[in-house]
Each structure stands twice: as C-alpha cells, then as structure tokens.
Amino acid sequence: MRGAMHARWAVCAMAAALAATACGGGDGGSGDSGAVLSASWGDPQNPLEPANTNEVQGGKVLDMVFRGLKRYDPVTGEAEDMLAERIETSDSQNFTITVKDGWTFSNGEKVTARSFVDAWNYGASLRNNQRNAYFFGYIEGYDRVHPEEGEQTADTLSGLKVTGERTFTVALTQKFSSFPDTLGYNAFAPLPRAFFDDHDAWVRKPVGNGPYLVDSYTRGSQMSLRTWDDYPGPDKARNGGVDLKVYTDNNTAYTDLMAGNLDLVDDIPAAQLKNVGNDLGDRYLNTPAGIIQTLAFPHYDDDWNKPGSQKVRTGLSMAIDREQITDTIFQRTRTPATDWTSPVLGEDGGYRAGLCGEACAYKPDEAKRLIREGGGLPGGKVTITFNADTGSHREWVNAVCNSINNALDDERACTADPVGTFADFRNRITDRKMTGPFRAGWQMDYPLIQNFLQPLYYTDASSNDGKWSNEQFDDLVDRANQETDDARAVDLFQQAEEVVRDNMAAIPLWYQNGSAGWSERLSDVRLNPFSVPVYDQIKVG
Amino acid sequence: MGRYVVRRLLQMVPVFVGATLLIFLMVNVMGDPIAGLCGERQCDPATAARLEKEFGLDKPVWQQYLTYMGNVFTGDFGTAFNGQEVTELMSTAFPVTIRLTLIAILFEIVVGIALGVVTGLRRGRPVDTGVLLLTLVVVSVPTFVTGLLLQLLLGVEWGWIPPSVSSEAPFDELILPGLVLASVSLAYVTRLTRTSIAENRRSDYVRTAIAKGLPRHRVVVRHLLRNSLIPVVTFIGADIGFLMGGAIVTERIFNIHGVGYQLYQGILRQNTQTVVGFVTVLVLVFLAANLVVDLLYAVLDPRIRYA
Amino acid sequence: MPDGRHEPEQAIAGTGMGGAMDLGVEEAETLEKRPAGPDGSGPQGKPRSLWSDAWRDLRRNPVFLVSALVILFLVFISLWPSAVTSGSPLACDLSRAQEGSRAGHPFGFDGQGCDVYTRTVYGARTSVAVGVLATLGVAVLGSVLGALAGFFGGAWDSLLSRVTDVFFAIPVVLGGLVLLSVITSNTVWPVIGFIVLLGWPQISRIARSAVITAKQNDYVQAARALGASHSRLVLRHIAPNAVAPVIVVATIALGTYIALEATLSYLGVGLKPPSVSWGIDISAASPYIRNAPHALLWPSGALAITVLAFIMLGDAVRDALDPKLR
C-alpha cells in the first residue's frame, strides 16, 4: 500500500505542476471528474500526424485528440456518424459529405469542410512523406499527387472539392460502397490551420478536436493529456485527463501496476497472465479485438508454390494445436482462429466461425498424411521466421514449432528463426527473401471484412507479404467492392475467403484479444475493437 | 605535462574517427531501415524513396559518413525517425544516464573499495572468504536476473520503492537501478582493491610508516590505500564509458529513458543518426575518462611524472 | 632507454579497459613486473621454474581442486550429455508447461513443457563451448597481435594501440546487438566470433605490455647480444614470462563470456533455436520468474556455478603464479 500512496502523491504532484489540475477531490463537488489517471504507452514510431501514424501507440493519442467524420462504436465497432451530418451517394463512387455544425478545434478554430480537404490533401501528397498516404488511393487524382515514380504533378486531389462551408464532395476512381465506413480511421481526421502554419510547433504539441488536449509532451517518455472542458462532442471525457507513460517493456508496466505506480496497463504481458486473477481480481479485462495472427508463406518460392503445396500448408495448419497454445501460452487471451477475419466484425459484418473447418483443427495423423501427399516439407523441415524485438512472439513460435514437431514425430521438423529487428524482418519480406512460413499479424484499420481480405491477399496489395495471387479471389473482391447491398457484398467477400481457405494462402492461428488491467482507483474501463482503452469513459476515484 | 596532454588529445583523433566510422558501417550493414517504418505492410515505393532521401540513405555509405561527420562538427546530429532532433534526445537522455552512472560509480567507490580494504587487510580470514564468495556470486549471475529479482522483491513484494523510475528520474529513484548496474563492477573493484592492498601491505613504505608510530587508520588511508588505488582508478575510469552505454539491460528493466534505452531503440529501428550520435558522445566520454585516469596516476603515485 | 620515458607508455598501456571483462588486467600488470624485480622470497637450492612452483602450490589448494573438478564434470557432460540424461532437450509437451519436479524430471518443466534438467545438461555444451572457444580465440589472437606490437614497437605498435582503443570504445552489448542481429546462422560460431572480435584487444593490451617488460630483462638483452633470432627470442625467452598474465586474465574472462552469451540471448540476438543454451533458457524463463522460478533457477544456477568455477580457478592460478603472495 505504501507504493500506492507514493504513486498517487507523485501523480498528483505531477498533475499540479503541469496543469494546476485539482487533485484529491478538493475542488468543488465533482472531484472525480477532475482526477487524472496514468496509463502505459509505447513510444510512437513516427511523428504524431494523423496520416503518418500506422501503429497502435500513436493511434491511442490520435483517438483521444481527434474526432473524425465517423467513429467506431467502442462496443459494437460499428461506424457511426461523429462529425458527419450526412454522407450521400447515388453510385457508390461520388460522395457528398456534410460536416456537422458547432464543432471546433481546441484552439477555437471552426471545423469546416476545408479542415478535412486540406488534411486529406496533405496526407496524400508525396512530398509530406505520410506513411498512410495510400488510404487516399481510391480518391481521384491520387496518381498525380502521389505517383509511383518521379515527381508529383499536382498538390491537391482532383477528386476533393469544397462546395460550401460545411460540405465537400469526394470522387473515387472506382465504386467502393463501404467507403463511408472507412472514414473513422485516423488518417481521415480533420486538421486545423495551425498544423500547416507552424508545423513544427504542432508536432511538438498536437492540437485537435477530440475530448482531450495535449497538455505537455516529452517525446520518448511521457504525454500528459487533459480534458478539454469546452469539447462540443457527445463523448466528453469523464476524468480529468490521462498521463501516458512510455514503457520499453510491458513487463515493467505490469510490475508498476501491481505496485500502484500506474493506473492502467493495456497490454498485459503473456508471462503475467497466469497471475492476473491473484494480482488484480476483477480489475482485468479480456475482450476480442480486430487482430488476427497468421503464418504467411513465401508464394514466390518454388518450394511453396508447386502442385501439392497447398496440401503441405493445410497439413501444417492441422499440426498446430491452437487450443493448447492459446490456453497455455496466452491464458485464453487469444482464441483459436476458424476463419481469416475477426469475431469483432460480427456475423453480419462477415465473420463466419468455422469457415476454415477441419483445416484449422488439430489432427496430427491427418496432418502427417497431407504433408506426405503434398510431397513432404521442403528439404524435410520448415523454419518459422519472426522478429524478436517486439511483442512476445518467441514464445508462441516456439510452441507452434513444438506442436508441429510433436504432430509429425520429428524433433527437428520445425525450428524458430528469430530476426533481430522489425525493420530487418520487413526487409526480408519486401525483398522476397523468406524461405518458409513467417509471422504475419493483421490489426484492422476499420471493422470491415474488406480490410481483413483485400490488403492481405489481393494481388500486389500492400500487406500481401506472401505475394499470393489468385484471379478468382481478386475477381470476387472486385465484385464485392462494387456491390451496393451490404449483405451481398459480405457474401461475396466470404466467397473470396473460401478461395483463401481452399489454397491455404496463409494459416490462420488465433484471434487476438485486447487485455487490460487497472488499479483500484479506476472503473468503467473498456477496450474498443482496436484493443485501445476507451479513455474518455474511464472514471477515476 | 602539457605536451603529454596535447599528444594524448592528438591520439584521440584517429580513435574517434575510427570508432565512429566503425559504428556507422555496423549500423549500415544491418540494412535498409525504411521497411520498418510502415508497419505490417510494404511502404509504397514513392514514399520509401522520399524517406530515403530525407534521411540521406540514398547516397553511398562513405558520402553519408562524411556528410554526417561534417554536420556533427557544426553541432547537428541529425533527426530520429520520429522527427525528433538527436540533440534533443541526447539532452533528455544523458542527464538521466549521468545520474545513474554517478550512483553506480559511487557504489563502486564507497562499497567496493571499503570491502576491498577490509578483505585485503584480513586476507584468508573468514570475512575475506565470505566477501570473496559473495562477490563471485554477484559476478556470475546475469544482470537481468539480479535486476528482475530485486525489482520484484523491493518494488512489489515489500513495496519499499516504486519498481520503475519516473520520467524525471531523480537521484533517489535511481538508487536501486544504480546498485544493479554497479553490482558486477562492484565485485571487480572489491577484488582489485583487495589484491592491491594485500600486495602493498608488505611494502617498505608501509612498514616504515608503521614503525614511525603513525596511527593505523592514517597508515591505511594515506599510505596504503593511496598507493593501491591505481588499478582501481583505471578500472573505474574505463567503467564510466561502459556503464553509460552498457546500461541497456538495467534501463530496460527499470524503464529508465536514458542513453541505453535510446541506443537500444535506435538500434532496433536501425536509425543510424541516433546510434552514431550517441556512440560518438560515448566515445568522447570514454577517451576523456581515460585521459583523466592517466593524469590521476601522477596524483596517486608521485613516482609517475608525465613529460 | 631512460626509465622516465617508459612511464607514459606504461600508463597508456594500462588504460581503456572496455568494461566488466577486465578484472585482472591491472593485477596482471603488476604481476608482469615481478620477474624483473628482485625476488628474495624464492626457495633456496635448485632453481625451480615458475610453473613447477605454481603446480606444487595448486595441487594442495582445495579451491583449485574443487573448481577443477567442477570444470572436468562440465566438460564431461558437454561431451556426453546422454550419459547423465536419457531425454531429449527438444522433446517438449505444452500440456506439462511450468510443472514442478516429479519422478524422472527432477528440475520440473519450463514454459514450453520441456524438461529443465535435460535442457540444463544439454545447455552445458553450448555454454561451455562458447566460453572455452571464445577464450581460446581471444587469447590466441590477442597475444599474437599484442606480442608483435610489444616486440617490434614503432608504427606497428601505434597502429595496434589505436585499434584497440577503437574496439574498447564500442560498448559490448551494443556491438552484439548490431553485429549479431545481422547474422542468421543457427550455430554458436557467430557468437564466438563476435566475442573474439570484441575481446581480443583486452588480451593484446596485456600481452603487449607484458612483452615490453619482458623485453627489458637482462637475459633477453643477453640473448639478443648473442645473436638469437627474433623467433627464438620471442618463443624461448619472452613468451614464457609473458604468458602468465594472459592465462590469468583469460580464465577470468571465460566466465564472463558465458554470462555475455546469456545477456545476448536475453536481447534476442544470441543463440537461436534449436540450439540449447543456458542463456536461451534463462532469457525464456525470466519473465515467468513468479510462476515457474525453477525454470529460471536451474540454468541460472548452472551458469553461476560454472562462472564461479572458472573464476576461482583463475584466482588460484594467479595466486600460485604470484611469488609475493606466497
């Protein structure tokens, strides 16, 4: 308890020093809503610009500081209008968007149609080096703003037109019926003029239109966010603010939580999962998130792209005891995968449990038979490549290998091959140097079945790491995108998914849950389908 | 003395160039860092090319090195991938690490030398054997095991201290990490002092001092210890550079955002500018510490004079 | 050469130890002066070599005997691990993960359900191989280069001294992360090669100053005056007097190399599966310290005992070689 006292004092002192925020409830009647919580964080890899953030840690902050046209419901994941008053289309290709009145940025500037169009043009423009520029790839004129090679010939997307203070039109290059539902993604957030006028200052201290203000930001160690009292939106924060503390090792964050030095950890290390019951009791949450782990194959390698290879791949899939691994290694914070999407999509959204069928069940004998029929493992063995620097991949890769070895009765059939850094790992993938299956994880950008299939398996798609290519699949996806009826579109996507299954393009392993643990001060902690805590709903005290 | 220092400083130049070049090449060997910046997907080629240009990665290595060194001499250490100036990273990381190193060195000096003197004077007695065994055990257990254990015991089980260090990293929070960081070197210092003391204890000047009737503590401190400190000082001097750069494991366990942490991040993200920048400063620290140590010899041992 | 001129050289020779591996460097340097100084404490009668004296001492030293026995046992299980265990270190059953000890599995199971006892036994081979081979490599490379620099002096010496400075300036852990993360080999050789690459300057520096000191001795000068060849001078007269400090430092360094492998594995750049090593097991078990401490305890214990044995051996050898402490 002494640790907890100490921590509380420190947090209060810090809050007082930084923001003169009331601490300990001495300020009027609503002491609780003024209290600040501390939460674990990772150092964002890229500058915190909306179109430049492609990982969860930066996404956390953007989710607190920005509100876009749409917002994914923290519970259902459904895209709901936030700043959008109306998004209209007659042909699934040309959209007219009306922005709600009354929204401002925290510096007082009004959020208008311009705020969106400028932000999107900025995000798409090649010269701004935005990592997520491809999100604007469907918009007309992208090829001139962001050519594959050479200099850009235009600075703005010709498909974006401001037609009024609060209305603008978007013209796409092809039909994309679910385009409005993608608009909840961070890359589509509006930006204030301050972003363009004094960019350096903005990056040091981002200004947005979300429920929180950035109070101070020490890069690499801490960001203090405080509730924006004049926030015009419906989801006003129920606490005084959040201090995000950077942890290099989530084990340390968990240790801090136990010692009362930290209020919220949103990524419980696998090694501690066994102890959460003891340590935290019911202050622990484990909910499905839109993340699926798969093993991708180098389809460019002749060893994995010959007749019968799909039998070997299916055999490997059946040699993996998903139940046991998710039970023992992950303590049920992951669920054995039975399709290639995620349960957070819901049945209507395209998730179909059991689509993978027998091919995802643990059947050692069948596995042996299939691999034999498919011509055996290339060279008699298989290595699973993963990057050792982030996440606790080593443990599950070892477990998968042991499972394969046990199923095939060969101690050296499968070996894990760690790669030192993520960059190196990605390089091998991009340079097509993989020789066996490798780790592939997919965290959805938006909760649509399209996002689980097209970027991963469509010919030459950006995350098609195995370079798998199948005409039938591509054709089904194209047709699904043009379909205006949601149910029909989902059905076509599922047909495409069946093509993935029949070829076992990638082995689905498990759906990853989000997990969080918190201190006694907190209540109403929830994780959204992106495994990010819904900070604004957390109550302190 | 002046000439000697000048000569030493001149000798630093090739070492400095060599060490930075080596690090530069090493980070470059690791390959293209851009691929790691786009998450679980392939960077689109146009953006990748732009990023390469921005970080100067499109040029040949030797040219990158020359440009980099040119910039360093004007105080520009480049930019990390997250858009932060490396100098800014340094200004937050080095103060923390310097505090951590100070505490570690302090532990080494106070505890290490004290234990060394005691065991050196009582060579072969139970206290000597006990300390010897203890230091050997400390040497042979990897740092991360000691660190994790102490963190769990003191930080969680007993709740004496917060298990991690806050971002301000004041001195008091750094005591345990400092101890863990010092633990291995502490053992070395103890053993070095012990050997040195045991050896010098029989020398003529100590006998003379005792014969003169000087009080025991004066003999030990003024005569025996002073002459026995040379190897210890050498070790500690060299250890400064090692502690500052080698605290990767300790800093990770206790979540200290210091030099080791920044170096580790820089290496994982293959960010040449961060890694070379930090190592450059570390090399300077290391060379300066060596020079200071050599000059200290003359203070400790009057027989040594630098021409 | 006047004595005063030599001092700065000595001072330079004694600086820049690259971190924690350097125990004994200074002791070695004080040691190396001894053959040159008057030694009144030697026994009367037939002059005995340093070696026979040392051996006589060691045979009676219980510390030496115990540590030598431990090392012999380690070498034995490294060569014939199947003599003490019938299991396979790669036979893992996840359903037994983290279970405690039971009949046939005295040390229990680790997080992957592998038998900790078997893995500890098999881990000895890799760990001892890393320690012994890296030490050999460091000692050979370091003493040859150091001896050449010390013997010939001049430009060759300056160059080598600067190169050693460069290597000392690279933090060991950093070097490991950078160099080893590039290598994809599944063997112990990259780790050994890396340790040799970063470790040789330590030995070369000692060997160099030892040779410089030995070179000044009257008997070497006499041999030189009599027209002995370079190779004869080095091998017959200088090496025997310079080799002692190298041996002493090397035995101590060996233990630290094994510990270094564990640290590298913890950082994810050390040995890779299916290699079995204490380092791999310790790093895999350390996050589970609360649930399955036994999986951490046994390989850590084995590592600690091994390091201890080698350090004590080095300690005993050094004491035996040091006439002043007799």
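Letters A, B and C mark the chains in the order given here, with residues in each chain numbered from 1 onward.
Definition applied: a contact is a pair of C-beta atoms (placed from the backbone, for glycine too) under 8 Å apart; a residue touches a chain by one contact, two chains touch by 3 or more.
No experiment lies behind these values; they were computed from the predicted model shown.
K.L.:
So which chain is farthest from subunit B, going by the mean of the CA atoms in each chain?
P.N.:
A
K.L.:
When B-C is set beside A-C, which has more C-beta pairs in contact?
P.N.:
So, comparing the two chain pairs, more contacts are at B-C.
K.L.:
Once you find the CA centre of subunit A and the CA centre of subunit B, what distance in Å lies between them?
P.N.:
39
K.L.:
Using the average of all C-alpha atoms in each chain as its centre, how far is it in Å between subunit B and subunit C?
P.N.:
Taking the mean C-alpha position of each chain, the two centres sit 21 Å apart.
K.L.:
I'd like to verify one number: the distance from the centre of subunit A to the centre of subunit C, where each centre is the average of its C-alpha atoms, in whole angstrom.
P.N.:
Subunit A and subunit C have C-alpha centres separated by 48 Å.
K.L.:
Residues of subunit A touching 2+ other chains?
P.N.:
Residues 389, 420-421, 424 of subunit A touch two or more partner chains.
K.L.:
Where in subunit C do residues touch two or more of the other chains?
P.N.:
177, 181-182, 290
K.L.:
Give me the residues of subunit B that touch two or more other chains.
P.N.:
Residues 30-31, 152, 264, 267 of subunit B each touch two or more of the other chains.
K.L.:
Please output the residues of subunit A touching subunit C within their complex, sorted ascending.
P.N.:
251, 269-272, 274-275, 321, 324-325, 328-329, 388-389, 392, 394-395, 398-399, 401-403, 405-406, 411-412, 415-421, 424
K.L.:
Which residues of subunit C touch subunit A in the complex?
P.N.:
88, 90-95, 97, 111-114, 177, 180-182, 184, 186, 268-269, 272-274, 284, 287-288, 290-291
K.L.:
For subunit B, which residues are in contact with subunit C within the complex?
P.N.:
Residues 4, 8, 11, 14-15, 18-19, 22-23, 26-27, 29-31, 136-137, 139-145, 148-149, 152, 184-185, 188, 191-192, 195-196, 198-199, 202, 230-232, 234-235, 237-239, 241-242, 245-246, 248-249, 263-264, 267, 275, 279, 282-283, 286-287, 290, 293-294, 297, 304-307.
K.L.:
Once bound in the complex, which stretches of subunit A touch subunit B?
P.N.:
By the definition above, subunit A touches subunit B via 1-3, 6-7, 10, 43-47, 54-55, 126-127, 129-131, 133-134, 146-149, 203, 218-222, 245-249, 252-253, 255-256, 258-259, 261, 389-390, 420-427, 429-430, 440-443, 455, 462-463, 465.
K.L.:
Tell me, which parts of subunit C touch subunit B in their complex?
P.N.:
4-5, 7-8, 11-12, 14-20, 22-23, 25-27, 29-30, 162-163, 165-166, 168-175, 177-179, 181-182, 255-256, 259, 262-263, 266-267, 282-283, 286, 289-290, 296, 300, 303-308, 311-312, 324-325
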